[in-house]
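A single structure is presented below for examination.
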Amino acid sequence: MGNVVIDVMLKPEILDPQGQAVNGALPRLGFDQFTDVRQGKRFLLTVDGEVTDEVLEAARKAAETLLSNPVIEDVVSVRAEQDVDASRAEQDEKDPGR
Amino acid sequence: MGNVVIDVMLKPEILDPQGQAVNGALPRLGFDQFTDVRQGKRFLLTVDGEVTDEVLEAARKAAETLLSNPVIEDVVSVRAEQDVDASRAEQDEKDPGR
Amino acid sequence: MKVGVVTFPGSLDDRDAARAVRAVGGEPVSLWHGDADLRGVDAVILPGGFSYGDYLRCGAIARFAPVMDQLVPAAKGGLPVLGICNGFQVLTESHLLPGALIRNDHRKFNCVDTRLRVENAQTAWTSDFEQGQEITIVLKNGEGGFVADERTLDELEGEGRVVFRYVVPEGGRNPNGSYRHIAGITNERGNVVGLMPHPEHCVEEGYGPSLDGLPFFTSILKQVVNA
Amino acid sequence: MSTSTASSSTGHVPHVDTVGNAGATPDHEQPWLELGLKEDEYQRIRDILDRRPTSAELAMYSVMWSEHCSYKSSKVHFKHFADNTTEEMREKLLVGIGENAGVVDIGDGWAVTFKVESHNHPSYVEPYQGAATGVGGIVRDIMSMGARPIAVMDPLRFGNLNHPDTQRVLPGVVAGVGGYGNCLGLPNIGGEVVFDDCYQGNPLVNALCVGAMRREDIHLAKASGAGNKVILFGAKTGGDGIGGVSVLASETFEEGGPAKRPAVQVGDPFAEKVLIECCLDLYKAKVVDGIQDLGGAGLSCATSELASNGDGGMQVELDLVPLRDASLRPEEILMSESQERMMAVVEPAKLDEFMEICRRWDVEATVIGEVTEGDHLVITWHGEVIVDVPPRSVAHDGPVYHRPLERPAYLDSLQENATGSLAKPTTGDELKADLLTLLASPNLCDKSWVTDQYDRYVLGNTALAMPDDSGVVRVDEETGRGVAVSTDCNGRFAKLDPYAGAQLALAEAYRNVATVGATPLAITDCLNFGSPEDTGVMWQFEQAVMGIAEGCRELGVPVTGGNVSFYNQTGDVAIHPTPVIGVLGVMDDVARRTPSGWKTPGQVIYLLGTTRDELDGGEWAHVRHGHLGGRPPKVDLAAERLLGEILVNASRDGLVDAAHDLSDGGLAVALAEATMRNGVGARVWLDAVCERDGIDAFTALFSESTARVVVAVPRSEEVRFTDMCTARGQVHARIGVVDDQTDGIDVQGQFAVTLDELREAHTRTLPAVFGE
């Protein structure tokens, strides 16, 4: 069983009320290091077998036709899940204080 | 200027109506290779300087207190943006047919 | 009797909740999200609406308002609190009530008159109902699906803390996909109640589908007077 | 939230086209054509300024002189409205056409404002955001009059229900209307959902808002009093809706083009909700001297209109505008259509209080200029003058076209092709089958898939909403005084005869308001048409305007304002002319409104009005034969007026318990709707009506003759009711009785149809296409 992760974000020039709301709330909770917040979507698509190039290509097509609205959103990444886990593990190592 | 990416997904046992809807729509559009879809959130937090360990730690706290609800959601990753770009570039290379 | 009604930015049904309090002879007191002050009220209503636009998650940002810093300990100490719709969402986000409310299973906002069964007529807000009574109350939300893990659900049922259930024909679907048809719940003490439907829209002849919302407000009136 | 801000570009100020520069470079080529200006219009700007415009000025003129903002093709026809407004009508108006929205007096010191507007094209491009910002825009118009918005409505038109693109557009539009309106806390109390192939590439998304205030609280859009501050408040300005204007910005860029600018606007209903509450607090504190919403043409419109309606000039420092996107150029800032912004004119002494109220609501407010002694609008960018114009020339003295018009040649053959030759049902079974087919058809089917997505209860004042004939809301909580509103238009009728079609829309909305027991007071209209450059379309437009104007005079209700939407066409093919009319009526106690469904067994059903053989353009011909031809039903406004009086009196005196107007699908559909409403059946007989009006059962059931309603009369009131009708000359016939023993409707001698059959047909259509 394999997974494909697709990330979709509002285009940078498009107003993001949700991100704005988070941005407004963070300082009130004492988080003042962040200057901006944007909120997007993350899709996790599962396939029965391996994530082949064909699967990725299909995922990319789905991302562009169904999962995003090209008028206001960008597909920022389509990748096999392993990549994420890898980067996550790496990250966790960097910061043992978690 | 640096970015932190935070990924939040509904816990596997929680109903995901949006993911279900995508899941139902994919085969109708000819995508029949996917067996399941889950939809989550992706946050992009911007900081003025570099993404230090302190920044990551703050992001992790924000993710756990504000950006996710532990009753229904998991924070699946908190990382500096570079990781994403790297994995994305790598991905793109893997699939030159894009 | 003074019943506080909290206004968050984006609260919508605060005026309606105040009107309902007035309808039974109570005195509504408006509470401002930014003031860490409950103004000596005897009970509090967290009204419906879209606090902070319901961005991020419903009720997630409102939970951190200064007024909540006062309300959470007061509720834990027994102050009667009713969370209606968005107010219910704020209560779950604040962990005063268990579970969470997610997107309706059909993914649409849904405004319908709905039948509820009163499963617990002993809480501060439901004592004027009969146990098992069926009532008609306005339901209107986009994220009203009540979810919790199995253990929590069993616990809620075991302790009689499910206060309202959607009346659904055998094998049928409820209006938002709530687990076990749950429309409203209470805490262990029975002073904090949250529900998705809107009793404040059912208190005036000619302006709503029924008068079945009135007992919520008469219940609290008696409770406070007797306390 | 201060009087200055660092959010605009800092340090390096790129080159801008100043007034000095424009004077020195008269021959500089300008992209007026790309901006939609005609050569003579560009020349006119040069004549007004006596030099070439700066690029910022060109931006302002081009957008303000666009069809959308200047009404250049329609203006000349508005004289029909003025010419037909009598003294009686004018008395009801506190504010008339020309302001952001008209205001009518509803008595007891209350004033009500309402207006309908289109957001058609944006909703086709991006259905959710287009529809959402359409609602947001009309609500700000209502707020700018000083009113609290109290309800919204959404007349919608889509292409074929089964076309794949309808499945993209409709759910998005409905979710957008609901997403925005629900989040604002405004009850949606009605609207329309109409399907017709002619709207396939041009869906119509019209939005109406109603607001209420005390008479003395009316505010106007004007900048007066030299030294008064000009404040921009609400959301930051971004690149929203700029699209084409970027050609200008690219002009002034030294290297490369401008960043990509979105042509779609994204709404933030939460920001608008907070803005509403903030404005209401500002009005209450009496710190606002003049106010204007920012809608189409953004700051260009707000500054020039405020200045031109005032008694002085205005000076604005554009670099003080808080930006969401620091790379925006001055031309773009002037034209940005970012949502959720307002502009106020405030006396210096009240500035602190103004700012304090904004702070309480967390609304960003910035002083960006002030009212000046002169008579020019002067806009600077980091100290350099980039605009120096007479504001009237921008806002009001735009070009006026007398576009050629001509009755289309196709009309004769269209009108000759009447329904007379179509095959009609004759047996009872055939009649029943046609009724069920009609009830299931896209235009007549149950619309709750749509309307359940709208909050109709919020604010707690809704006395009637969908699916009743009008939305009814209480304005005064003490007395119950309130208003009823209905919107209507049958585009097929307007296609067959635009003058009559417009009057039929007016008549139907008027009748719907009277049916619930309210006295019609005033109208607003949204005129959706094809291209004004098409002589046939222009002729339709003139006909419709005349129809409305003359119809309003006959009914004694003034036009308070409205909106024109041209260019709704795909290639050469225009939509049916669609003049949507919204009628507003008043009731002294809305608790007494008459609902559309009957409830009480034994009550007597009367049909008011005369039925003629009028099926052309009607729903039966459309659904059963896909036929459009002939002439629309006869307009009889005197009959409508009389019927209205009967209905209002009957409601006031408690003579009727239910009333439902007859329109699309005729008597058959009205009976079915009144039966399904509460699930209480009826026995009906048609013989007397057939005999009196000289028609057959089919015509009695499906004709769409106007000025008709069915009412349910308590037995105890029957004599008083019929006496009233007789005394006033109202045609009436006893056609049935409410009967809970009858399952559904029993049309005696013809057919019986059960409640299940009716509901099965009526409720399945939209869920079958869009999902449960």
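We just call them A, B, C and D in the order they show up, numbering each chain from 1.
Quick note on the criterion: a contact is a pair of C-beta atoms (placed from the backbone, for glycine too) under 8 Å apart; a residue touches a chain by one contact, two chains touch by 3 or more.
The chain lineup, named per UniProt: A, B = Phosphoribosylformylglycinamidine synthase subunit PurS; C = Phosphoribosylformylglycinamidine synthase subunit PurQ; D = Phosphoribosylformylglycinamidine synthase subunit PurL.
All of these numbers come straight from a predicted model, not from anything done at the bench.
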Worksheet item: Measuring from the mean C-alpha position of subunit B to the mean C-alpha position of subunit C, what distance in angstrom results?
Response: 32
Worksheet entry | Rounded Å distance, subunit A centre to subunit D centre (Cα mean) | 40
Worksheet item: Counting in whole Å, what is the centre-to-centre distance of subunit A and subunit C, each centre being its mean C-alpha position?
Response: 34
Response to the item:
Expected list for subunit B, residues touching two or more other chains, is 66-67
Practice prompt. For subunit C, jot down the residues that touch at least 2 other chains.
Written response: 52-53, 55-56, 61, 64, 106
Item to complete: Can you tell me which residues of subunit D touch two or more of the remaining chains?
Response: 268, 270-271, 362
Worksheet item: Which word fits how the chains touch one another: line, ring, star, complete or other?
Response: other
Worksheet item: Pairs of chains that touch, anyone?
Response: A-B, A-C, A-D, B-C, C-D
Response to the item:
Within their complex, subunit A touches subunit D through residues 11, 13-17, 20-21, 24, 69, 71-72
Response to the item:
subunit C partner, complex, touching residues on subunit D are 175, 178-179, 182-185, 268-271, 273-274, 360-362, 451-463, 474, 477, 590-591, 771-772
Discussion item. Per the contact definition, I'd like the list of subunit D residues that touch subunit A in the complex.
Written reply: 125-126, 129, 235, 238-240, 259-262, 264, 266-268, 270-271, 324-325, 338-339, 362
Item to complete: Enumerate the contact residues on subunit A facing subunit C in the complex.
Response: 17-18, 20-22, 25, 28-29, 39
Worksheet, complete the sentence: Listed in rising order, subunit C residues that touch subunit B in their complex are 56-57, 60-61, 64, 92-93, 98-100, 102-107, 145, 147-149, 177
